[in-house]
Amino acid sequence: MDNWLPSLITATQTEGYDLAVKLSRIAVKQTQPDATMRDKLRKEYEADAGALIAVSQVVATHFATIALANNHWRDAK
Amino acid sequence: MDNWLPSLITATQTEGYDLAVKLSRIAVKQTQPDATMRDKLRKEYEADAGALIAVSQVVATHFATIALANNHWRDAK
Amino acid sequence: MDNWLPSLITATQTEGYDLAVKLSRIAVKQTQPDATMRDKLRKEYEADAGALIAVSQVVATHFATIALANNHWRDAK
Amino acid sequence: MDNWLPSLITATQTEGYDLAVKLSRIAVKQTQPDATMRDKLRKEYEADAGALIAVSQVVATHFATIALANNHWRDAK
Amino acid sequence: MDNWLPSLITATQTEGYDLAVKLSRIAVKQTQPDATMRDKLRKEYEADAGALIAVSQVVATHFATIALANNHWRDAK
Amino acid sequence: MDNWLPSLITATQTEGYDLAVKLSRIAVKQTQPDATMRDKLRKEYEADAGALIAVSQVVATHFATIALANNHWRDAK
């Protein structure tokens, strides 16, 4: 993949959260490059509460990093 | 979704914790956008101790971020 | 719930740890508000080693936050 | 329990790690106060690779906190 | 293994993320040195949504470390 | 065990990672002191993708601590 992550800096907190969601998905994409298989697995975990909570945990970890990178958007408040 | 996260800054610690709960739910919502399916899954994990503890873990991770953003509400004590 | 978390600052490390335990339980309470159901689930996870370790993980995450808020109680040593 | 955690400051890194192990066990103790039940569960998870790794994860989280409290024992090196 | 990790500093955020993926794999390699067995296990977890999410969690943890090492690439933006 | 952790400071990043692997194993050793049992469990989790990923997560957490202790080896680059 080319330079898909040009910056950790986002204009708003909401965009920062969206970026965290994106970061959580890229690792899955790099580990399982087959899009058809990923679609199949996505169907499975979309219907699995434990998997959805685990996704939310990954997002929380990335959001911590992005929030720190943006100095918690303190200057923007 | 529009700008649902206007700020990480909260007036009190309790509100900061509530925001952490909200952040933990948004990732689930974005991964499983179907409200009917989410209600069904919620019924399942509300009755599953392991899932409830996992939710609590996600909240703890977000709370760490929010507490840091608010300088642990030290100025407010 | 009202303002149940007036401060992250505690007089001692032991009280800080107790607060971490409290924080880990609140998310469960907010996700499963039915006290009877919670008592039932508590019986289950009290007898489940994996669940007890997972609870300990949540407490560890909150304790990190509280220790940071208290500057690791360095001034109190 | 009385004041079982008088300080996060330890003389050496090894003692800091031991304290992390102690902190990981206290949450289990507070959630399951029955010593006989805990002994039974301990027998179980001592023979369960997944549980042992999960214990190690909790210890790692507490060790991060304790290392930070001790300024990573940099002055002691 | 020889000095496989010469630096945590990367030119771009994307390279930093790639390094996080690499770091997450090295621990598996060191714990299971048999390449044939690793290939077999890889086939399994590539088709397991829970395992892919868990991999993503490890990557998120390493990415936090690498982002911090690079001062979140703030000077590069 | 005696003073097995004389320092968190390492000469290189690679040695820092090796130390993280070591720290992740010590907690298992302290929880299950029987070497024969540990060898048996090791055989099990070496062939279990989920367990290997969980080990990698523990290593990632310890590596964050060690990298911080070494100021991310910035002076060494």
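Per-chain residue numbering starts at 1, and chain names A, B, C, D, E and F are given in the order in which the chains are listed.
Here is the rule we use: contacts are C-beta pairs under 8 Å (C-beta built on N, C-alpha and C of every residue); 3 or more make two chains touch, one makes a residue touch a chain.
Worth saying up front: this structure is predicted, and the values here are computed from it rather than measured.
The chains in contact with chain B as well as with chain C do not exist; no chain meets both. Looking at chain B and chain D, the chains that touch each of them are C. The copies chain B and chain E differ by a rotation of 120 degrees on their C-alpha atoms, rounded to the nearest 5.
Where chain A touches chain E, under half of the residue numbers in use are shared by the two copies, so each contributes mostly different positions. Chain A and chain B, compared by their mean Cα positions, are separated by 15 Å. Between chain C and chain F, the centres computed from C-alpha atoms are 27 Å apart. Multi-chain contact residues of chain E (touching two or more other chains) are listed as 24, 45, 48, 50, 54-55, 57, 61, 64, 68. In terms of which chains touch, the assembly is arranged as a closed ring, every chain touching its two neighbours and no others. Moving round the ring of chains, first from chain A across to chain B, one meets them in the order A, B, C, D, F, E. Within the complex, the chain D residues that touch chain C are 1-9, 23-28, 30-32, 37, 41-42, 44-45, 48, 50-51, 54-55, 57-58, 61-62, 64-65, 68-69. By the touch criterion given at the top, residues 12-14, 17, 21, 24, 45-50, 52-57, 59-61, 63-64, 67-68, 72-74, 77 of chain C touch chain D in their complex.
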